[in-house]
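Some structures are shown below for you to check.
There are two complexes below, and they share subunit A, which is joined by subunit B in the first and by subunit C in the second.
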Partner chain A sequence: MHKSVDIMSFPPTLTVFFSIKETPVTLTVPLGVISRIEKMGGATSRGENSYGLDITCKDMRNLRFALKQEGHSRRDIFDILFKYAFPLSHGMQPFAYLSQEKYEENGWNVYEPMEEFRRQGLPNNEWRITFINKSYELCDTYPTILVVPYKAPDEDLRRVGTFRSRCRIPVLSWFHKQNHAVITRCSQPLVGMSGKRNKDDERYLDLIREANGTTKLTIYDARPNVNAVANKATGGGYEGEDAYQNAELVFLDIHNIHVMRESLKKLKDIVYPNVEDSHWLSSLESTHWLEHIKLVLSGAIQVADKVSSGNSVMVHCSDGWDRTAQLTSLSMLMLDSYYRTLQGFQVLLEKEWISFGHKFASRIGHGDKNHADQDRSPIFLQFIDCVWQMTKQFPTAFEFNERLLVVILDHLYSCRFGTFLYNCENARDTNDVRTKTVSLWSLINSDTASYTNPFYTPESSRVLYPVASMRHLELWVNYYIRWNPRIQHQQQSPVEQRYKELLALRDQYLKKLEELQLTDSTPSSTHLTNSSTPNAATPNQHITHLQTPF
Partner chain B sequence: MEHIRTPKVEQVKLLDRFSNKSTTGTLHLTATHLIFAESNSASAQEIWILHHHIASVEKLALTASGCPLLIQCRNFRIVHFIIPRERDCHDIYSSLFRLLRPGSYDDLYAFSYNPKQNDQQREEGWQLLDLGAEFERMGVPCDQWKLTDVNRDYKVCETYPRDLYVPITASKPIIVGSSKFRSKGRFPVLTYFYQEKKAAVCRCSQPLSGFSARCLEDEHMLQAISKANYNNRCIYVMDTRPKLNALANRAAGKGYENEDNYINIRFQFVGIENIHVMRGSLQKLLEVVGTRSLSMADYMAGLENSGWLRHIKAIMDAAIFLAKAVTVEGASVLVHCSDGWDRTAQVCAMGSLLMDPYYRTIKGFMVLIEKDWISFGHKFADRCDQLNGDSKEVSPIFTQFLECVWHLTEQFPQAFEFSEWFLIQIHEHVHSCQFGNFLRNSQRQREDLQVTERTYSLWAHLLSEKQNYLNPIYSSRFAESHPVLVPSTQAYHFKFWRNMYHQYDRSMHPRQSILKHILTLKESNRDLEGTVRALKAKLQKLGVSTSPLKPQTPPREHSLPPRPQSLILGAPVLSRKEVQREEDEEVFGEEAREDVPISTGGERTVEGSSATENGYMELPGSFGSKGEPAVVTLEFGVARMTC
Partner chain C sequence: MELSEHIKTANVEDVTLIRPFLPSLKGTLCVTSHHLLFSDRKEDGSRQLLVLLRNIDAIEKRALGSSGTVTIKCKDLLVLQLEIPGMEECLNIASSIETLSSLESVTEMYPFFYRPSHLSLQGPWGLSSADQYYKETERLLDRWRISNVNSDYSVCPSYPRAVIVPRDVDDDMLVRSARFRHGGRFPVLSYCHHRNQMVIMRSSQPLTGANRKRCKEDELLLQAVIDSSELGYIMDLRSAQQAQQSRMTGGGFESKSCYNHWKRLHRYHERGKVLQESLIKLVEACADSSHSVDRWLSKLENSKWLSHVHNALTTAGLIAECVERDGHSVLVHGSEGTDSTLLVTSLAQLILDPASRTVYGFLCLLEREWIQAGHPFQQRCGHSAHSHTRLKHECPSFLLLLDCVWQIWRQFPLALEFSEALLLRLTREVYASDYGTFLCNSEQERCALGVKENTYCLFRSLLKPEIEEKYLNPLYEHTDLAIWPSVHPQSLQLWTGLFLRWTEYSQNMEDARDEIWNIKKEHRERIGPDQNNHTTSIHCETFTPFENLMDELTVL
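Take a look at the complex of A and B:
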């Protein structure tokens, strides 16, 4: 067996060459996915495979290399790996800054906040765009461009900021063009034990409600009720009934980042290295992973349903960057078909996750050796899983395919692109991410064909309500169990292949028909006008019918 | 009909099992069906329930809105009616109670069902499948295997068919001797011949060995099977029971083969549970999936505790073992359980399905069922409770087989000519008693009933609707390149078969189906092809050559692929004319949806979203705002088939 840590290649990888029954096998692991490296066994360890390296990865696999004790070769490889797998802990920059990659498309142009708000129909006489945060002085974890109620002056926003955790004030995420209902997002109010009130915050929420004449603003607190109450002890809390009389508060019972982390850890235990076989269902159940997925999805369904029936909503959790991002982005995906396109999905991620400060650096632990950091949590993975569940239930509604979701998750860890680096826009600006690194979307958009779902059929005004029932939710086997050596991977799904064949056949027929109709109309107009006109009409009608079956 | 006192009840409410929705309509009771016709004229849905499908009728406690009547069917349909007047409810209840328990076979629907065919057509239907030809296809008789007439008059074994195939060296005395040593006289006979390696799959029942009994003829019989395979003299003897069960049988003078007494055998227990365990398991499964608002934990734990998927996996594992022994080692295999008509049929049929692509075609699958299940005497009458029989004999053995096949189709979507709808239809008719094929317990009993003269064959009926059962992604190329299927039996591959067990629960249906999508595209391609051909023909008539014009810059706008009319996976693509009415409604439904503000737009979720239980009451309530015409198509399909 031969290993090499390739720090010269980009992105840096650990490449292991070995043979299984004389067949050479190469295993390549981007250093970015490494979460933890440990030495296993000592100089006196006996027995096969008792001495070597144990590598825990962020992407649902562990690697264990057995080494020979002679020559102390382990120390060298361990030191090099440890240094380059965790560049941030060794005073080095993330890999993305080393990138020399060139792509046809520039992914940094995908998301222009102004353009996206214009697409939604903003600003208008209910909602205005404010630049109050242009140098991050209102809220350092928010983006620079914010949309707020037209009637709320900038001074008020500052005062509202004092009453919201980390100044993450309620701002608009999405606007329903027909009924003018909105999705707004924020962090928890700083109510505290004493039950503090803030007139500005109360008035501000009322302005949001008034904007489209909603009778009661629905506030979705993503947390379980008890957690929200517990937060009062640390100065947080939730909107009380007395203070906010024109609002109704709904708790969505989604658990916090620590619960999710433990859940995924349990899931990993039952799928890697061996898939639990004898009690699969109860083991899967004991991880609670699908239950969490179900709660997130059904929360988003409630948000989407409220909005589509004309009621404005506000979503928050504690800080408004984890569960809140999941709920707003999923409900937007259900409500707005634009976000189901390849480009729109990128915009959605850039907007709701990246620009609104989901703490990617802390949640993933990019380049950081501290694997037990309590801030790490698979919140974004959980969101992608929910998206996957939706694509399973509506296979024709999404322009992108499963591969896109897997590639996004792979590069979430790889640090090859700047897209998921740092915790917020402020930090990204300071570190020149946009100028010094490449965007993941450059890779994707230079090869859109690989990420396109052949079954996609655009339906612009359709709201998707997935079924958040255990009878329909499934474990995402192609992601969570993809490293299992006993899984046979199908290169292309036979269903997809068949469909592509049929589409090609159809194009052939349509082309032939066109040719024939041209030929057909030529003679008929010259000699046989009377007899052939009605006949010629038939195939025409036929085609129209096929093109628009509804 | 003397049992029917109240043929019609109006203002009956039908409750949905998983939502708070209900529909009102009229209940009709006929000699063969219970019919519920929705009174809302817009959708006018009809539900036809064949009396034979009804497993139980229950009158529940009186409520304010009326008298509830709960009907559970063998095809997993559960209907819950509320009948306004208690008297009517009682009349329907008592009529049904008698109707669903026919007194004799002559009362079964098969003997009154008449699809307007003449005698000749009916006979042709029965001659569609020929098991003699099937054995010829396998290459039997040959130099090592022969057809024996020993059972011509059902003298040796009355639950076997007349024509049996045995090794060339098995003489009549050996056969008769062996049959006396086997439970119910079911001696080892050939059921599948793997020509490539000359390996045989044989089946039989358990030997009457007790603790020490031997039978020389039986030992010779196995030796004859061994000799018939010159590639590999070793025979695997698969006892499909758990060892404990086999041991218990030994105390009753039955048991299993002693390896010391037989030459060249390798004995193996496979561990599939018996009919009673399977019956209990299905019951638990149905309880879990039928409960309305279960937590995720209870649902998954319930699913696991039912053991159902574990039993399916056990059958699959056994079939894989068999297929591997035959195709890889080239060894012959002898399969038995206790009587050799339940687990043995499952394993032999599944094994054959893995080894032979022919059985994965529509016709081939019919032949497989005809051979391993019908002709070899799977006790359909007892297992499906055709006549008020012993409830301890009822067991979902055949349903399990169909589900195993479904799991295979999930792992190898392009390997099967038929879709799951075909499996579901077969299941439907195994219980419907509408066709003669599955009546009673054995070939001999069917002959006594004269089924071929007095009833129609299901296979002819299904073949006439072949279009509805085609799997659009079947690829014969795949069959050539993968003659033997090797499925994975990792536990997570075994999923709950929603479309079978929730076939009649509209709120459980998938939101979109890719297969329907492909099927629709395929249909439209066929139409296009037809149009192209018609145009070509016309041009030829006009004397214009067909390709004179180069296609000018095509004026066509980017056209979208067609979309399916019905979202239900299994629903057949009915011929255009028949569903015109439904389609029109559907078109209307879709258009209406586009115009209405999004609030009444897409599909609603009913059961899942209410789980959080915090003020999410709107959804079930507004469920009805959207017509779900797709269901109409499905119901229509079923009604058309059963009436």
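Take a look at the complex of A and C:
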């Protein structure tokens, strides 16, 4: 067996060459997915395969290499791997900065906040755009451009900021063009044990409510009730009934990042390295993964339903960057068909996740050797899973396909692109992400055909309400169990495969047709247009023959 | 006694109809000899509901002051509620339904009364037969022949008149072999593989009994199936222990010493009552409307339905593997050879034979392998999952088949010409139908009662004059390859289209199907009627290899 850590290639990969019965096999793993590297066994360990390296990956697999004990064969490879898999722990830059990749499209242009707000119909006489955060002074984890009630002056925003965890004040995420209801997002109020109140915050929430004449502003607190109460002990809390009389508070019972991390760990245990075949369903049930998916989805459904019936809502959890992002982005996906297009989905991720400070660096631990960090959590993966559930239930409503979702998740870890680096816009600006790294959307948008759903039928006004019942949720086998050889064979959907082939074939024939027409038209270019119908129909028939319904 | 005499109250006004996911309706309820009719009698687009009484599995009545509530549980899993004013009317309606929904006499059933204006009784009945299969399948000519030894159903009451048997075996030998097989079901040809001429045979168990009887003719019959140099496999759908035990009751198995060119494999399949109870548990779990469905996956697992699906597909895959990969012929039987045997032989054909994946081919397969092969539909489908009556011979073997086919359809979205809608239609028709196709237990019974003369054929009507679009798969593309379904628990799904059809809103999926059809139609319009097949050759499907399960088996 020959292994090489290829730090010169881009992105840096671990490539292992070995042979199974004389057939050479190559395994290539981007260093970015490595979460943990351990030596197993010692110089005196006995038994086959007891000495070597054990590599835990972030993408639901582990790799184990058995080595020969003679001559400390693993020392060098371990040192190099450890250094380059965790560049941040060794004072080096993330891989994305080494990129020399060139693409036709520049993915950094996909999301322009002003343009997106204009698309939503903003600003207007209810909502205004503020640049109060242009140098991240109001809130260092928010983007620079924010949309707030027209009647709320900037001074008020600062005062509201003092009452919201990490100054993440309520700001607009989405505006319903017909009924003017809005989705706003924020962090928890700093109520504390003593039950503090803040007049500015109370008035500000009333302004949000008044903007379209909603009778009661619905506040969706993503947490379970008990957790919200417990947060009072650390200075947080929730909006009390007395203080916010024009609001109603709904708890959505979604658990915190630690619960989700443990749930995914259990899921990994039953699918890797061996799939738990006997009692598969009850094992799956005991991971609670689908139950969490159900709670997130049904929370988002409630938000979407409220908004589409004309009521403005506010969503928060504790800090407003995990569960809040899940809920706002999923409900926006249900409400606004734009976000179901290939481009709109990118805008949605850029806006609700990246710009609003979902802590990608802390949750994924890019290039960090500290694998047991309590900040790690698969919140974004869980969101993508929810999107996948929706695409399953509405096979024609999304312009993108399953492959896009898998590729996004792969590059969430690979660090080949700058898209998911750092925790917030502020940090991205400081580190020149936009100028020094390539965006994932450059890759995607240079090859849109690969990510297109053949069955997409645009439908602008429909609100999608997925069925969020356990009976209708499925485990995303093609993602979670994809490393299992027996599942691998089923990966590429034959429908998409076929569709791609047909598109390629059509392009090929159209090109041929063009050539034929060129040669045909040289003798007399007017002939075709003047000739009788049967002749004129010939080129058409050519095209039609070559297209096939799939 | 005339049927109408069972009707004590024919009409009730002001009845409220409550259905899942639909607003309740007020209107008139009528009971006829074969139907329950509800109509709201609105001038503008009145809404009606027509339920075949045969479709009603169970009926529960509850008094509510002066009125009563009747809950009707249908065999197609729909549950209806009727609020009927007047206690007497309510009781009358309930008792009429009870009597008329459980008629025993076949000729009193609706198919004998169904007379649509657009169909004629004169036309041909059925699509396929052993005769026809033999004529259409050239590869059979050399070594196989049609035998009419059963022309008066005396050799085997549950077989059709004509069967396909080895050319070298004469009718006398067949008669003797039949005497040695349970119910007279001697080994007959079920399928001959187009690639290598290997065959799938089916029969019932041999009657070796406690003192290990032999039958020379039966041994020769099987020997004639394979060349002397070849090896055949016998797939016994019982455990080795069960097969041993069956000798005590006169049954048995093919011992190695007597059938030395045949290797016996045992794969245990649940039958009868166990399957029926599994279905009941599953339907219960699906209908559980309590909000604590967090135990849903455990309940689904405990019903064991999916493990029966798994088992059937595994055995079918194994048979197909013997035939296609290893080039051996296979004989399949359990005890009677009328349930699991038919289940796995027909699934194996779907895996192997591209001809059986078209609408026509699939219906022919069902006709040959289930209806003519003597699956006792009347006994098996007397009741479905809701019935309170004591079960006798009920068993959802055919439903299990359709579920397995659905799993294949889901895993290979391009490979089958028919759609989920056809499978769903069949799940309904098999329990309650306007047509005579699923009546009776055998060809002999159908013949005696004049089913073919007095009822219409479902399969013919499905195909005539043009197959309805909703029964077609818009993505279908012919492939000659075998399709190997993945049988792992992670690859098998609950058939939500059937089991959750009435419990949760499944409109999304129907909408999506319609849209896919529209996309296809748009393409077709742009292309014109003259389509081409240019692209079929470039398409190569990624089929899942069926792993080799042979070593997991008890080879005896």
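FYI, the second predicted complex is superposed on the first by the 489 of 550 C-alpha atoms of A that agree within 3 Å, B and C clash if a C-alpha of one lies under 4 Å from a C-alpha of the other, contacts with A are read in each partner's own complex, and residues count from 1 in each chain.
The rule is short, and it goes like this: a residue touches a chain if its C-beta (ideal position, glycine included) is under 8 Å from a C-beta of that chain, and two chains touch if they have at least 3 such contacts.
The model shown is predicted, which means the values in this text are computed figures rather than measured ones.
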Let me test your reading of the model: by the given contact rule, A:S308 touches which partner, first (subunit B), second (subunit C), both or neither? first
Answer with first, second, both or neither: which of subunit B and subunit C does A:W280 touch in the superposed model? both
Of the two partner chains, subunit B (first) and subunit C (second), which one does A:G213 touch, if any: first, second, both, or neither? neither
For A:P153, using the defined touch cut-off, is the partner it touches subunit B, subunit C, both, or neither? Pick first, second, both or neither. neither
With both complexes superposed on chain A, which partner does A:E291 reach: first (subunit B), second (subunit C), both or neither? both
Larger contact residue set on subunit A - subunit B or subunit C: B
Given the touch rule stated above, what does A:M470 touch, subunit B (first), subunit C (second), both, or neither? both
Where does A:P395 make contact in the superposed view: on subunit B (first), on subunit C (second), on both, or on neither? both
Both subunit B and subunit C contact which residues of subunit A? 275, 277, 279-282, 284-285, 290-291, 393-396, 455, 457, 466-467, 469-472, 474-475, 477, 481, 486-487, 494-495, 498, 502, 505, 546-550
Which stretch or stretches of subunit A touch subunit C in the complex? 271, 275, 277, 279-282, 284-285, 290-291, 393-396, 454-455, 457, 466-467, 469-472, 474-475, 477, 481, 486-487, 489-495, 497-498, 501-502, 505, 541, 544-550
Given the complex, residues on subunit B that touch subunit A span 289, 294-297, 299-301, 303-304, 309, 413-414, 472-473, 475, 478, 488, 490-492, 494-496, 498, 502, 508, 510-515, 517-518, 521-522, 524-525, 527-529, 531-532, 534-536, 538-539, 542, 544, 546-549, 551-552, 554-557, 559-563, 565, 587, 590-591, 593-594, 597-599, 601-609, 611-612, 614-616, 618-619
Please give the residue numbers of subunit A that touch subunit B in the complex, ascending. 176, 178-179, 248, 250-253, 275-282, 284-285, 288, 290-291, 294-295, 297-299, 301-302, 305, 308-310, 334-335, 393-397, 455, 457-458, 461-472, 474-475, 477, 481, 486-488, 494-495, 498-499, 502-503, 505-506, 509-520, 522-524, 528, 532, 535, 539, 542-543, 546-550
Within their complex, subunit C touches subunit A through residues 286, 293-298, 300-301, 306, 411-414, 474-475, 477, 486, 488-491, 493-494, 496, 500, 503-505, 508-509, 511-512, 515-516, 518-520, 523-524, 526-528, 530-532, 534-535, 538-539, 541-545, 547
